[in-house]
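Following this message is one structure expressed as structure tokens.
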Amino acid sequence: MAVSDISHRPRFLAKGNVYLPHIAVIEKIIDETYDTSTFHFNFKDEKLREEFTFESGQFALVSILGIGEAPFCICSSPTRIDHLECSIRQVGRLTRALHRLGVGAEIGFRGPYGNCFPLDFLQGKNLVFVGGGIGLSPLRSLIWNVVDNRDRYGNIDIIYGARSPADLCFNYDLEAWDKDKTVNMVTTVDKGDESWTGREGFVPQVLEQVAPSASNAVAIVCGPPIMIRFTFPVLEKLGFTPEQMITTLEKRMKCGIGKCGRCNIGNIYVCRDGPVFSYAQIMSFISSEY
Amino acid sequence: MKDGGMEQKLRSEAKALLEQGKVDYIIGFEAGSLKFTTTPLITSDKDDIDRLVINPFIVNNLSVYLSELKGRAGIVVKGCDSRSIVSLLQDNKVARENVVILGVPCSGIIDLGKVEKLVGKDRDEIDDITQDRDRVVITVDDNRREFPIREVLFDNCLGCELPTPQEYDILLGELTSAASDEDKIASQKKINSLKNIPPEQRWEFWRSEFDRCLRCYACRNVCPACFCQRCFVEETEPLWLLPVPRWQDNLVFQVIRNMHVAGRCTDCGECERACPVNIPLRSLTREMYDMVDELFHYKAGMDKEASSFLAAYEATDVEDFIR
Amino acid sequence: MKKVTDSKKISKKNIAKLLDEWRQEFTVFVPWRDEAVAKWARWDGKDTSFLDWYRNTVVPPKAIFFPPMEEMFSFQKDREGYHLELPASDEPKQLIFGIRPCDAKALAVLNMTFSDAYEDPYYLAKRNGGVLVGLGCTNPYDSCFCTSLDSSPTDSANVDLMLTDIGDDFLVEAITDKGKALMAKTSLAEAVTRADEARAKDVKETTYAKVTKKIDTEGIKEKLLSGFDNKDLWEKIAAKCITCGICTFLCPTCYCFDINDELVKNQGERFRSWDSCAFPLYTKMPMENPRVEKWRRLRQKVCHKYVFYPMNFDVIACTGCGRCIRLCPVNWDITQTLDNLSAEAQVKMEK
């Protein structure tokens, strides 16, 4: 994958009717696990292909016209912009229909929406990525973004785990990061199988074992809610302050632009003010309904 | 309904039930925030009990709350409401030992819509509405007008089949008599007038009625028989209906809902009362009710020992539709 | 303070003519009450009996700019792929005749959401071309409480023209330039007399006093927030609610919507339709639902209107129209809830 510098591109803003999706064509499908696949696609409109840009952490509303629309984070990196990637897990009507599509099928794409990982804040710091299952998806965009601009950041630790070896996503990336000597890649599974020779243990436990230093560090966490709830206390124990912990929240979304109301937590809209939040911000939420 | 004595008895019984720990909470009626309205009171605090009322405006079917509340409830029910409880017992949705039924013998509930039409004034412009046995006295701007009580009762009250609960733990008053045949016919007037128009006209009638439907689901949510955790309209795999309020989707929603409550609907009329855009839903539910009676000689909520109509199978069931 | 002497008056007998004049330029919407329900409908060109009815509708005028269902676009699929088409919008500009101050204020509140950050093209296309001709109330319901929310039954703040019922005529005040332009075009307006002005003032004062339901919004945000995590209190408040959509659908400031697609063979549409935060599936995600319990949804509804919306837009998202109270099947009353919550907060503060 070519690394292309997109810093010259102006920030992409949707023009015209914000609810009209752009049409994109599926170019490749990689099966990550039995229920998760990564879809590589590109816009049909050439001009859009050249103009489009986004930032790590942003999401888009992907649809099959006639079936429905749902939010998915863009898991490819803005530093590798020749195509876009979204990882999709089969959980309902739309996602099962997406999995029935093949290469060449057309999907609707609205976005990018939301805020992004704060690259300025992360610059010059040691980064600790903590991911679980398909939660690696939004982190992946940031990790490649960071790795492709390696000299801007300090140490990189990636701690990633899944329920079992069959649930590990992005194996090809895990391999690449493992090979990269400037990155400390730690992979774990809750429970291994006969052929598993790697680490065993829940992600928060492994995080505690790896014990990355909190000095000049930022932890970026993403995974199932239960993993996040057990990870934050471990990070606190390791000395991370709430401002040093960042995560991305998931909510049911429809409009993606802060109008339909459903993704709100108190007075903030996850689609507009998030989905990236620091733990300090989360602690100041009026409601714990997220 | 002469309520003075019943109200006192209700309050003392309810208080005793809470104090003796026989129930976890009482479900009854208290004065509403608007004139001539009452509102459900659900409380476990015995200090709230003095707010309980019984009057001709206690319209809600409180048994709708039994499906969601955990614990034991003392519940105030009129005859029609008690049938809903029996229907829930038949469905095994509620356990008999978890309800203490406080039965109210009912002589009919006043339909404020009919009152408003009779006097040409809105509810909040009326000074007083008092029932005096078989007459109602409505006072507007110090003008007293009397009408026969039949003219202001709800349609389904006119045709009431069980004014006094058959299934109860405590009966709060004297038994009242069921509706006369004449009244039963009067209660079906609107419905029967629909049956007498040709099918194309009837279709056009319902099409225009359901054009107004907003899919607020009040009809479904007030219905004690609609207790599904996840309603069929909320299913996406398979997707039966869009939540979009087109008349086609609205009509299909209501028809399927009627099919689902067939044999469990007791014609309490709450669906029609709750509808904010006045769709005559009872015309559909009553039709279903009558069909079940005609074909299977069965009425919901009359016999708690009877098995739930559509959930049971008898060897003697008709099978001539299987070809 | 605008001078009442700039006002004109129009005889009620001339309203049909006036509406007919306006009909040449606009689609005129009037309050419409029939056997079924009171709502807003396109004027049929003849019937002005709605002038004899002095109450508010059941379905609010938000249904004109933000309809219960709306096609966002249609699409067709052929060998070349998908083709999208926006719906044809050939209806002329809309004039809403007889909108009450509570509903007009509500439209101003809705505007804030639909024009914030990303502009909502469907709502704004209709609203920006729309003209509001307000009608002051003379006989509020016992469920109205607009006077507690920075408004009044005769408030002219959010309309283009404001009518006040002074008997055989309507006093007409031009509030905005749009309103002034409309008045300039018609010859049906007459000059007002001192007696007319006095009558109008009297009507406004008398009607204000007729609003009996009141709430205290002093510090309401802080009071609601102080009891935010009081699960027992909220469970008690929510106990009788049946979580239907009546209050949210009939509320003139509620705007939550759902987006759904329909497909028939190779073509279809994407619709948006009214949704409610009271519905159980509103926030449901595949693996979890943060608002399963009824009390959470009710808390969300109340706090969105009185805490969260004011935090974002500096205005309470409620205009006291009272429809939620009037039409709730169980007579759940938000004013009672706010009083209870305020009282609890007071007790807590004193401890």
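First chain written, first letter: the chains are A, B and C, and each begins at residue 1.
Here is the rule we go by: a contact is a pair of C-beta atoms (placed from the backbone, for glycine too) under 8 Å apart; a residue touches a chain by one contact, two chains touch by 3 or more.
Note that this is a predicted model, so its numbers are computed, not measured.
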More contacts between chains, A-C or A-B: A-C
Per Cα centroids, the chain farthest from chain C: A
Centre-of-Cα separation between chain C and chain B, whole angstrom: 31
Chain A and chain B: spacing of chain centres that average the CA atoms, whole Å: 51
Computed distance of Cα centres, chain C from chain A, in Å: 40
Touching two or more other chains - residues of chain A: 92
For chain C, residues that touch 2 or more chains besides their own: 258, 260, 262, 275
Complex contacts: residues of chain C adjacent to chain A: 72-73, 75, 77, 81-82, 84, 86, 113-114, 116-122, 225, 228, 255-263, 268, 270, 272, 275, 277, 282-288, 290-291, 296, 300, 303-304, 307-309, 311-312
Chain C-facing residues of chain A, complex: 14, 16-21, 23, 25, 44, 63-69, 91-92, 106, 108, 224-225, 250-252, 254-255, 257-264, 266-267, 272, 286-287, 289-290
Chain A - residues contacting chain B, complex: 92-93, 96
Complex contact set, residues of chain B against chain A: 236-237, 239
Residue ranges of chain B touching chain C (in the complex, touch as defined): 32-35, 37-43, 60, 64-65, 68, 122, 124-125, 209, 212, 214-218, 220-222, 234, 242-246, 270, 273-274, 276-279
